[in-house]
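Input: structures, listed below.
Two complexes are shown next, each including subunit A; its partner changes from subunit B in the first to subunit C in the second.
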Partner chain A sequence: MKRWLSIILFAAVLLVPGFVLPRFDVKAVTASVAVKPEVLFELELGSFNFPISNTLFTSWIVMLMLVLFAFAATRKMSLVPGGWQNVLEVIIEAIYKLCENTAGAVRAKKFFPVVATIFLFVLVSNWLGLIPGFGPIGIIPVDAKHPAPEGIATFPLSRDLQEFFGPKHADHHEYVLAPFVRSPSTDLNMTIGLALIAMVLTQIFGMQALGVVKYWFARFIMIGKFVEFFKTLGKGKPKFGLFVFGLLDLFVGILEFISEVSKILSFTFRLFGNIFAGEVVLLVMAFLFFAAPFIFYAFELFVGFIQAFVFALLTLIFMTIATTAHGAEEHH
Partner chain B sequence: MGLALVFRLSALTLGATFVPLLIGIWIDRAFGTAPFGALILIVLGILTGTVATYRTVQDAYRQIAARADKDRQAREDSRGGNL
Partner chain C sequence: MEALGINTTWLIAQIVNFGLLLFILSRLAYKPVLTALNTRKQKIQESLDYAESVKKQAAEQQKDFDLKLEEARRSAQAAAAVAAQAGEKEREVILAQAREDARKLIDQAKEQIEYERKQMLAELRQEVVQLSLLAAQKAVSQSLDEPAHRRLVTDFLAQTDALSKN
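And then the complex of A and B:
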């Protein structure tokens, strides 16, 4: 009896939109893949229009969810944790242990807030994109006031659907869907913002720990050997070996600098590529075979967790390296 | 139980997403607030659907666990009877 009720309910939910949605001017469009986040609306700030994209909107939801979760977990604190407090304590303890093991007890206190924030934010935004309803439902900004943004891949509407929509939409051969909500990790702007925060903080922590001059001269502008060479030159007994090693050190310093910059790029594209590709794979699999997405769905849950973990762990490791003096420098 | 659960979950996900969407579109039409009505309501709908799905699965899991417990109890009882 209960089974039949469920099946009838399912059929109703499946069929009723077919009759109700057209009355509300809701249309079905073929799937499209867009790297650029779609603009939902624009905030007018004087003469400047600030575009609010769907990924920015979703990142606000992520923040709201994290704040509400933290509030729910810490509202009624008890010595024996239960419910949300228990969940939060498990997460926080695991991340704190990781920080302590990698950076040591003193630096862990400093790095932990950044690392934990990055982990939770990236994890929630990765997993949010997997919830049904994220992606396929949105507005079609094709009228004169909101023209279709450039650079978005669109697929032409099939002939059947064109006829279904009637002569009113016959001139619209393409529709661009701007989903209401889309995972922030599928937006390069968010990932590069997070990468910049992580790397700039790494440099600042390094300078705080070692001192600005020492940090720069021990890492990037390594002219110590040159100075020693000129000292020996002044004494009249030049050691040319020092000059050669000085040149080598100078080159290593440049390499170090380039590697610092490239870390931003690798942070940015690793997260973006993994999550964006995952969502595209889910979309493609859904069109291949109806049960195929199940396997990839589980895989994407795993990837979402791993990417959040990798982002947080690499930030932690880079911060630890930046605040550790070079082996040779410690003896001076 | 299994099939009913699958259909109930599908109905829950679809219904929780589409019903608020339609209400949102109706609000936008009536008050001229596009796209904010649909935007806010669809987010609420998706989150409600997720929470409801989670609760449903948890309830079903509890039922299955209780039934498994009862089955095991019954099996042990019958085995004791044979001895």
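And then the complex of A and C:
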């Protein structure tokens, strides 16, 4: 019985965007393919207006889901796990094992919370955006000059709600549909935020493990060979080979620094690009042929998982590298 | 930046979000679950160790038991052998006794027979003496006196006796 139910649910999930919506001639399901997240409403905090974007709103949903899940799973902990506890334990144990295998038992304790939180947050973010039916429901400002695009079913809001949702500034008036739910991974603010957290924590852990001075001088400011050169110069027997290698080391240190900064960018745009493009692909496919999203849904679920995994794994690896004492020559 | 929708407010909001989530999940999920996993690991290890020790103990007991069984079997065999030996001895004693008894009985019987034969011979001799006396009396009739006569017969009998003994 349960299996049948899940099959039907699955079919419905696949059918709604691919089959049902085009039949109803709802052309502008997600009229906007915008990089910029849409503003749902603004919170007034004194003199400061805090615009709440749909991605921020969805971030909170993701957090709420995770916290509720964690709460449900650990509410009644038992030695013999069952239900949610089992699920959570499997996830956490898998991530912890990964940390242990990569970073060793001691560092795993330190890295694990960050890595696990990144994985869970990104995973739920990615998958939440895939749930059909959320994307097309949102807010769209309509007036006499700008009627709703053809095919969009609109329901007028009460004056209070209009007050609440309406953008406060005229220049924000864009006449696009602002979906309530949009995956946070399609918002660059979130991906940059995560990338910053990952890389800053990486540097901090590295400095904690090796000492601030040693960390910087071993990785970025490599003047060891210069010092040696001047020592030999002081003795009157200068080794000019050391001088050349010193120059090389200096250059390598700069490269290392640039690569460290560029990791933030690659983190940011890898996640954003994959998930954003995935949702666009799904949207396009829905209008091409009703069966097409079937395949792409499976694929995007996979991509969502892989991106979450990659983000977490790379963070883990960078942290491991940063906390490993090494000569810079060994790592390129 | 604005075209990409990047702004400081949202960026900070997202970073705060992550920090908050990290904190809550650490408290609510990671710590209790990892603790539980560790406890379970320890419990399982303990159980395995215990099972191992019980197994070892059982094996030892089995060995002990086997040893004792073997010992008991051996002592039973020894006892049986001793009993068998004793029985054999007893049998021989009884047999010897029986043989002895039989021999004694036969000897007695032989003696008896011998005695009776002698008796009979003596009686027979007396009879023969009487008969001879009577016959000789009749034949000789008064030619010899009584003592001479008796001597004569006795000599004769002695001769026959010596003959029969040879």
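The definition used in the following text is that the second predicted complex is superposed on the first by the 261 of 332 C-alpha atoms of A that agree within 3 Å, B and C clash if a C-alpha of one lies under 4 Å from a C-alpha of the other, contacts with A are read in each partner's own complex, and residues count from 1 in each chain.
One rule holds for everything that comes next: a residue touches a chain if its C-beta (ideal position, glycine included) is under 8 Å from a C-beta of that chain, and two chains touch if they have at least 3 such contacts.
On a predicted model such as this, the values are computed, not experimentally measured, just so you know.
Asks: Quick one: classify A:Pro132 as touching subunit B (first), subunit C (second), both or neither.
Replies: In the superposition, A:Pro132 contacts subunit B only.
Asks: Who does A:Phe180 touch here: subunit B (first), subunit C (second), both, or neither?
Replies: A:Phe180 contacts subunit B only, not subunit C.
Asks: So which one touches more of the residues on subunit A, subunit B or subunit C?
Replies: Between subunit B and subunit C, the winner on subunit A residue contacts is C.
Asks: First (subunit B), second (subunit C), both or neither: which does A:Ile61 touch?
Replies: First partner only.
Asks: Looking at the overlay, what does A:Thr202 touch: subunit B (first), subunit C (second), both, or neither?
Replies: Touch partners of A:Thr202: none, neither subunit B nor subunit C.
Asks: Using the superposition on chain A described above, determine whether A:Val35 touches subunit B (first), subunit C (second), both, or neither.
Replies: In the superposed model, A:Val35 contacts subunit C only, not subunit B.
Asks: Touching A:Phe112 in the superposition: subunit B (first), subunit C (second), both, neither?
Replies: Only subunit C; A:Phe112 stays clear of subunit B.
Asks: In the overlay, answer first, second, both or neither for which of subunit B and subunit C A:Gln307 touches.
Replies: In the superposed model, A:Gln307 contacts neither subunit B nor subunit C.
Asks: Same subunit A residues contacting subunit B and subunit C, which ones?
Replies: Dual-contact residues (subunit A): none.
Asks: Can you name the residues of subunit C that touch subunit A in the complex?
Replies: Per the stated touch rule, the residues are 3-7, 9-11, 13-15, 17-22, 24-26, 28-30, 32-34, 36-37, 39-40, 43.
Asks: Considering only the defined contacts, which subunit A positions touch subunit B in the complex?
Replies: Touching subunit B from subunit A are residues 2-3, 5-7, 9-10, 12-14, 17, 20-21, 24-26, 40-41, 57, 61, 131-134, 137, 139, 180-181.
Asks: Would you pull the subunit A residues touching subunit C in the complex into a rising list?
Replies: Within the complex, subunit A touches subunit C at residues 34-37, 50-51, 53, 55-56, 59-60, 63, 66-67, 70-71, 73-74, 77, 79, 81, 85, 88-89, 92-93, 96, 112-114, 116-117, 120-121, 184, 187-190, 192-194, 196-197.
Asks: Mind listing the subunit B positions that touch subunit A in their complex?
Replies: By the definition above, subunit B touches subunit A via 1, 3-5, 7-8, 10-11, 13-15, 17-18, 21-22, 25-26, 34-36, 38-39, 42-43, 45-46, 49-50.
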